[in-house]
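By written order: A, B, C and D. Residues from 1 in each chain.
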Amino acid sequence: MEKPYYIGVIGAGDCSDSTYKHARNLGFEIGKKGWTLICGGLGGVMEGAARGCIEAGGITVGILPGLLKDSANPYIRIPLPTGLGEGRNLLVVRASDILVSIAGGYGTLSEIALALKMNKPVIGLETWKNIQGIQYVSDPSEAIERVTEFVSSG
Amino acid sequence: MEKPYYIGVIGAGDCSDSTYKHARNLGFEIGKKGWTLICGGLGGVMEGAARGCIEAGGITVGILPGLLKDSANPYIRIPLPTGLGEGRNLLVVRASDILVSIAGGYGTLSEIALALKMNKPVIGLETWKNIQGIQYVSDPSEAIERVTEFVSSG
Amino acid sequence: MEKPYYIGVIGAGDCSDSTYKHARNLGFEIGKKGWTLICGGLGGVMEGAARGCIEAGGITVGILPGLLKDSANPYIRIPLPTGLGEGRNLLVVRASDILVSIAGGYGTLSEIALALKMNKPVIGLETWKNIQGIQYVSDPSEAIERVTEFVSSG
Amino acid sequence: MEKPYYIGVIGAGDCSDSTYKHARNLGFEIGKKGWTLICGGLGGVMEGAARGCIEAGGITVGILPGLLKDSANPYIRIPLPTGLGEGRNLLVVRASDILVSIAGGYGTLSEIALALKMNKPVIGLETWKNIQGIQYVSDPSEAIERVTEFVSSG
């Protein structure tokens, strides 16, 4: 069986309504395409993306910083407690084939940097600015276009 | 949504036909119960358990030592490449609520020890002998009985 | 016994002569002050800083990505092989009380981000620009002043 | 410069006086030989070994489960906080060239197993019994003999 593509969605655990909506739209498209969503499993952008993905019938994996599955948001189907704290950021990146960063703080920046270090594509939507290597887009549908191109070329 | 129980099945990547059959039977019951199978994603016991679980319509997670999803056995639905080598053993244990050990070498022994250190129950079937704390059983159905008791009491 | 301060010096494994010199000057002052140098143990900025620190009679710890002590640069007195690849970046940050970033690529950026996420001070010298939270300085002696202030206030 | 040999000493954080004495004697010989002691940095066997090593003028590294240097015992010269919990056991093993296990509980057993998995020699003194691969000895001086043989043949 061919393995499905894993799309990492990264962003802060706390976000504005408009950012949440972006994440949810993006997650919906990921689910519709049959890709698997990888994220950090908590709130904010991670919840928005997981919610959208589930609404489209997709699969959502949450790689959690703590030791308890219950710390995952309600839209995570496969919560994975690691107990590694910020160390789980590395695992989010290693598990993803490509990442989309939406807004985000320092944790997100660490994931962007690790992904670029590993030569994985990073699509950026209203996220950390002026980081060479990020492919900046202006809305979720443009992000999906970029992911689709990547998947097609893979 | 209530999170499903995660049953870790641990054992060597290479095993005898009879051990593989045990693993497959065990995996089948795990899938039938609606629990999620957690394992190291490679061959032998991990493959047998994942195969049985999939045959019963269950979900299988493989936490891989390497960087590539394709290193997972064909019955893993959620392969997670970690790039941590033996470091992934810790993650198998941290993600599992309870573990069943079937046969196994040193890697398996490290997982048994980490699980007991974290006070997680370990059921043992034809595995490392004389380790205080392992609940030894003599066949897969007895292992499932023990897991069922644990889940019921949870 | 009071534990010594750990000063993390982060930067790329390949760097210009002038950056190397900056790192070496900084390392020298770290050694002279009796602090311990923490770094990633490889070449470039890490080597420059370790070399300076050793020249001043200091102690140098290199937290290595690979499995072999011999991958450390010759100025590392305590090489620690981790086999975690980029995962060792987290350990460099967790071990450091304060970090100085000199130039650097994506790996360095991931360390900056993790440090800021953990509320550890990050001094920046000719490094990633416009990252809110970095305390930018213009030469090694100003970096040492900032570290000294931090240590004094600790 | 040739890198010094790293001798891992593993065992429980709580131990009897006689076990502590064994650890201290062993640590003393390690320090006298000019080898570096690697351990988990906490009490019991780890403290005994570090104490002996320091008394002989040696160097002691403690790879700590928590986030604070101060959790190390007073005889650790290079405390390394990792925040990885039991995950630090892997790092103790990866950093060591050879390990000596004295008494010990499940954490120690996980280190023994990981070391044997990585084909590193494990010398056992009053430790987990009947583990194939452990080189059992009956006192610290015999342990040192075995380590010396290993170092000479390296």
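The rule is short, and it goes like this: a residue touches a chain if its C-beta (ideal position, glycine included) is under 8 Å from a C-beta of that chain, and two chains touch if they have at least 3 such contacts.
Predicted, not measured: the structure shown is a model, and the values here were computed from it.
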Once the contact rule is applied, which chains count as partners of both chain A and chain D? B, C
Between chain C and its twin chain D, rotation from the CA superposition, multiple of 5 degrees: 180
Comparison of B-D and B-C (more C-beta pairs in contact): B-D
How many angstrom between the C-alpha centroids of chain D and chain C? 28
Counting in whole Å, what is the centre-to-centre distance of chain B and chain D, each centre being its mean C-alpha position? 30
Go ahead and note the Å separation of the Cα centroids belonging to chain B and chain C. 41
At least two other chains touched by the same residue of chain B: list those residues. 83, 87
Mapping chain-to-chain touches, which pattern fits: line, ring, star, complete or other? complete
Enumerate the contact residues on chain A facing chain D in the complex. 83-85, 87
Quick check on the complex: what are the chain D residues that touch chain B? 86-87, 89-90, 105-107, 109-110, 112-114, 116-118, 129-131, 133
Quick one: which bits of chain C touch chain D in the complex? Just the residue numbers, please. 1, 3, 6, 36, 59, 61, 63, 67, 69-70, 72, 74, 78-83, 91, 94-95
